[in-house]
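Note that the chains are named A, B, C and D in the order they appear, and that numbering of residues resets to 1 at the start of each chain.
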Amino acid sequence: MALSREQIAQRVANELKDGYYVNLGIGIPTLVANFIPDDIEVMLQSENGLLGMGQFPTEEEIDADLINAGKQTVTMAAGASVFDSAESFAMIRGGHVDLTVLGAFEVDANGNIASYMIPGKLIKGMGGAMDLVAGADNIIVTMTHASKHGVSKLLKNCTLPLTGKGCIKKVLTDLAFIEIKDGKFHLLERAPGVSVEEIIKLTEGELVVTGDIPEMKL
Amino acid sequence: MALSREQIAQRVANELKDGYYVNLGIGIPTLVANFIPDDIEVMLQSENGLLGMGQFPTEEEIDADLINAGKQTVTMAAGASVFDSAESFAMIRGGHVDLTVLGAFEVDANGNIASYMIPGKLIKGMGGAMDLVAGADNIIVTMTHASKHGVSKLLKNCTLPLTGKGCIKKVLTDLAFIEIKDGKFHLLERAPGVSVEEIIKLTEGELVVTGDIPEMKL
Amino acid sequence: MAGFDKVVSSYEEAMAGLTDNMTVISGGFGLCGIPENLISEIKRKGTKGLTLVSNNCGVDDFGLGVLLPNRQIKKIVASYVGENAEFERQMMAGELEVELTPQGTLAEKMRAGGAGIPAFFTATGVGTPVAEGKEVRNFNGRDYILEEAIVGDFAIVKAWKADRYGNLVFRKTARNFNPLAATAGKITVVEVEEIVEVGELDPDQIHTPGIYVNRLIQGTFEKRIEQRTTRPADPQAVKGV
Amino acid sequence: MAGFDKVVSSYEEAMAGLTDNMTVISGGFGLCGIPENLISEIKRKGTKGLTLVSNNCGVDDFGLGVLLPNRQIKKIVASYVGENAEFERQMMAGELEVELTPQGTLAEKMRAGGAGIPAFFTATGVGTPVAEGKEVRNFNGRDYILEEAIVGDFAIVKAWKADRYGNLVFRKTARNFNPLAATAGKITVVEVEEIVEVGELDPDQIHTPGIYVNRLIQGTFEKRIEQRTTRPADPQAVKGV
């Protein structure tokens, strides 16, 4: 069965390592924070200028001067630091963040990503997404594998304006965990109960399937 | 008579205006701080990362963590701020400092300045001088008009490696206050008791003398 | 003698000299740390044809969004312009020019503008619409695009505390673009919650040195919250449900 | 789990992995705010062929100057290299390669290295020996030269206080190049006067976030003064002479 949003977040959380500085994008990536394993510590970077983002505030703790990049009220964890936007993106662009998790409309077999604009329809802007995909070595894209109408989002070539070129190596969808290399998608894991055939059917770009594909552990 | 070092500093101090942020180079420029008129306020920027440099410390106040760009122990004035070297030169390069005073070996009629190197003899480096002359609109160069042997330092063309190109408009020597424009030196004032002829004789570059040249007021 | 006292007594004085078709850089991220009253003053003045440089453009009735109904904005340079129906209408109708700029590039353009760096290379945006018309150059095996600095005729900034010399301290994530905007204005105007005496701020803890600040005014702020997210005060209470 | 605890227990551990021919970026201005003990450890290790990036190269018997007698330095990138006889001898003899770099350009090169900016334009050095071999380009009527970023295999930094996560606070003008060096090392090693508990430092007042710091050690420092300049304690006493 296809993973729920929470299950996608849960699987991403398994990729976290002790001592990681992590930037979580808006949407499903934000949920990853709820599944950080108890035996490791990670620090969350919010690109509006906060390293060490904490949980949501209680009603009493709410502070209009303390928000995350999704403009939600948050708190600070112990050891947090605050800085300006140039410093925040110096961190990001300079490759100091260990892992970035973000959503997308489309990815393709060349590692391109489209996530910020649907011409004529949705023009909200890229925010920090272009900097994040250009700055991070280690990026996980989370998205649904296909549209409700069964149209694949893992393409030969992205059709929408790109957020970044050749920068995506790992994609986690509701159906599969996939690596991108050598211009191809490589199937690493499948969602529990989802068949390889189903994944092949919903992947437009070339999908390499080598040996038995294990089910994800959640 | 030629101005003393203190008199040069004193004449420079007359160019200060209330509310000026000023960077004073090593040597004679440093002395300018002793002649700031009582009725104005200026703030001294030291390029190692201090805005609002105060006087020298007493023996008790000495702090190894608080020095100026000449590596002298200093204090901070009220309203001072401390910052890193990139921020310090952002200020300088970005044109936020109102006046820069620095020494030189040579200047020429095209506004070039040589102040940091005598090939084969003195190779200490430019420190912040190249940034200062490139960043400031308003620069006063203080120097002796000629060497002890009567060799002019106000040249047709600098002979030493340049610190900056076409950036100097005002020179105050022990003999004269001079403006540089249109590829010529223009005599504005002469030191008390120094004749125009004497200045002409010791100025290698073309010197324009228009009308009566007043004596400096000190 | 005025010396370094940057304090002005009215918002009118604070924004004096702002005229049609100028470029204004604004601090703020969403509605957090925005110079609320300086924006209101621009609305009151009715200045038109402005080019605004800001990460966002506020919402319909707050922040820079209030400059939309009277068509005061000609062009906006921003990274994210959602959350605003009138904005979308003007953009789609071609009444408003929008230059979408990646958030990090926008921050760096402001910093560069203030720091006398006319242009810099960045990998952000390579191969995307942002790269169109820009020079691409390879350094050490990777492609980068050339981005130019931004300087504003005015910069409008919100800080937390200041002394009369214009030394600024920001509070939590209301810092965001504000220190960068402060460096990049030909005239930088700052509004703060509190003005303290010179000497009260620790020199080691000043975020923006007063050299960047031309005018300073104390204001009162609504500080509207865009996404009010909370957790229960007592986690036990939830578990007990 | 180690989490974000950056504290190491010995200088040997602090500089582990430094090998011949590496590039080391050092904080400090003159002898102010220099990582004294990390420098001593490099001397003790005897690592050779180093490229050093630092505003200055210490004096004969203190600071980076102590790496000269055993010829550990192959090349130095600095803005000012006076005050050091052995340095001058090695330079004049062609035993030491010196790349003189304007102070502001040096600071910006470090910042760029840490910030993922491979190159930037600056007016500093146009028409001087510094511009030789560099691209010159005109922006808005003025010439600028292209300068490239610097990244170090190691960066060595001196801060005042830190928490165990590596969040740093600097003191007075001992800050100088240190925060910039901290961002530009593949491995950044910091020595401090005091390590405090996580949570003790105000998040708004941290100069260098711990994300830039790999290793942290507490040391004791000589803090030698280069130019001891003073004024009389009581000005009246002088007038009375």
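Definition applied: contacts are C-beta pairs under 8 Å (C-beta built on N, C-alpha and C of every residue); 3 or more make two chains touch, one makes a residue touch a chain.
From a predicted model like this one, the values you see are computed outputs, not experimental measurements.
Visitor: Select the chain at the greatest separation from chain D, using centres from the mean of Cα atoms.
Guide: So the chain farthest away from chain D turns out to be A.
Visitor: Would you say A-C or A-D is joined by more C-beta pairs in contact?
Guide: Between A-D and A-C, the larger count of C-beta pairs in contact belongs to A-C.
Visitor: Return the distance between the CA-based centres of chain A and chain D, expressed in whole Å.
Guide: So the centroids are 36 Å from each other.
Visitor: Can you check how far apart chain B and chain D are, centre to centre, with Cα atoms defining each centre and the answer in Å?
Guide: Chain centroid spacing, chain B to chain D, equals 28 Å.
Visitor: Let me have the rounded angstrom distance from the C-alpha centre of chain C over to the C-alpha centre of chain D, please.
Guide: Centre-to-centre distance between chain C and chain D: 32 Å.
Visitor: By residue number and range, which residues of chain C touch two or more other chains?
Guide: Each of 108, 111, 115-117, 122-123, 170-172, 175, 203-204 in chain C touches at least two other chains.
Visitor: Specify, in ascending order, the residues of chain B that touch 2 or more different other chains.
Guide: Counting only residues that touch two or more other chains, chain B contributes 76, 82-83, 86, 89, 92-93, 134-135.
Visitor: Counting only chain pairs that touch, give me the topology of the graph as line, ring, star, complete or other.
Guide: Other.
Visitor: For this structure, give each pair of chains that are touching.
Guide: Pairwise, the chains that meet the contact rule are A-C, A-D, B-C, B-D, C-D.
Visitor: Along chain D, where are the residues that touch chain A in the complex?
Guide: It comes out as residues 1-4, 111, 113-117, 163, 165, 167, 183, 198-199, 203-204, 206, 209-212.
Visitor: Show me the residue ranges of chain C that touch chain D in the complex, using the header's touch definition.
Guide: It comes out as residues 108, 112, 115-123, 137, 139-140, 142, 144, 148, 169-172, 175, 203-205.
Visitor: In the complex formed with chain D, which residues of chain A make contact?
Guide: My answer: residues 18-19, 21, 39-41, 43, 45, 51-52, 76, 78-83, 86-87, 89-97, 134-135.
Visitor: Under the touch definition given earlier, write down the residues of chain A that touch chain C in their complex.
Guide: Counting only chain A, the residues touching chain C are 46-50, 55-60, 62-68, 70-74, 76, 82-86, 88-89, 92-93, 112, 117, 123-131, 134-135, 161-166.
Visitor: Touching residues of chain C toward chain A in the complex: what are they?
Guide: Of all residues in chain C, those touching chain A are 29-33, 55, 78-82, 88, 91, 98, 100, 102-108, 110-111, 122-130, 160, 170-180, 207, 223-233.
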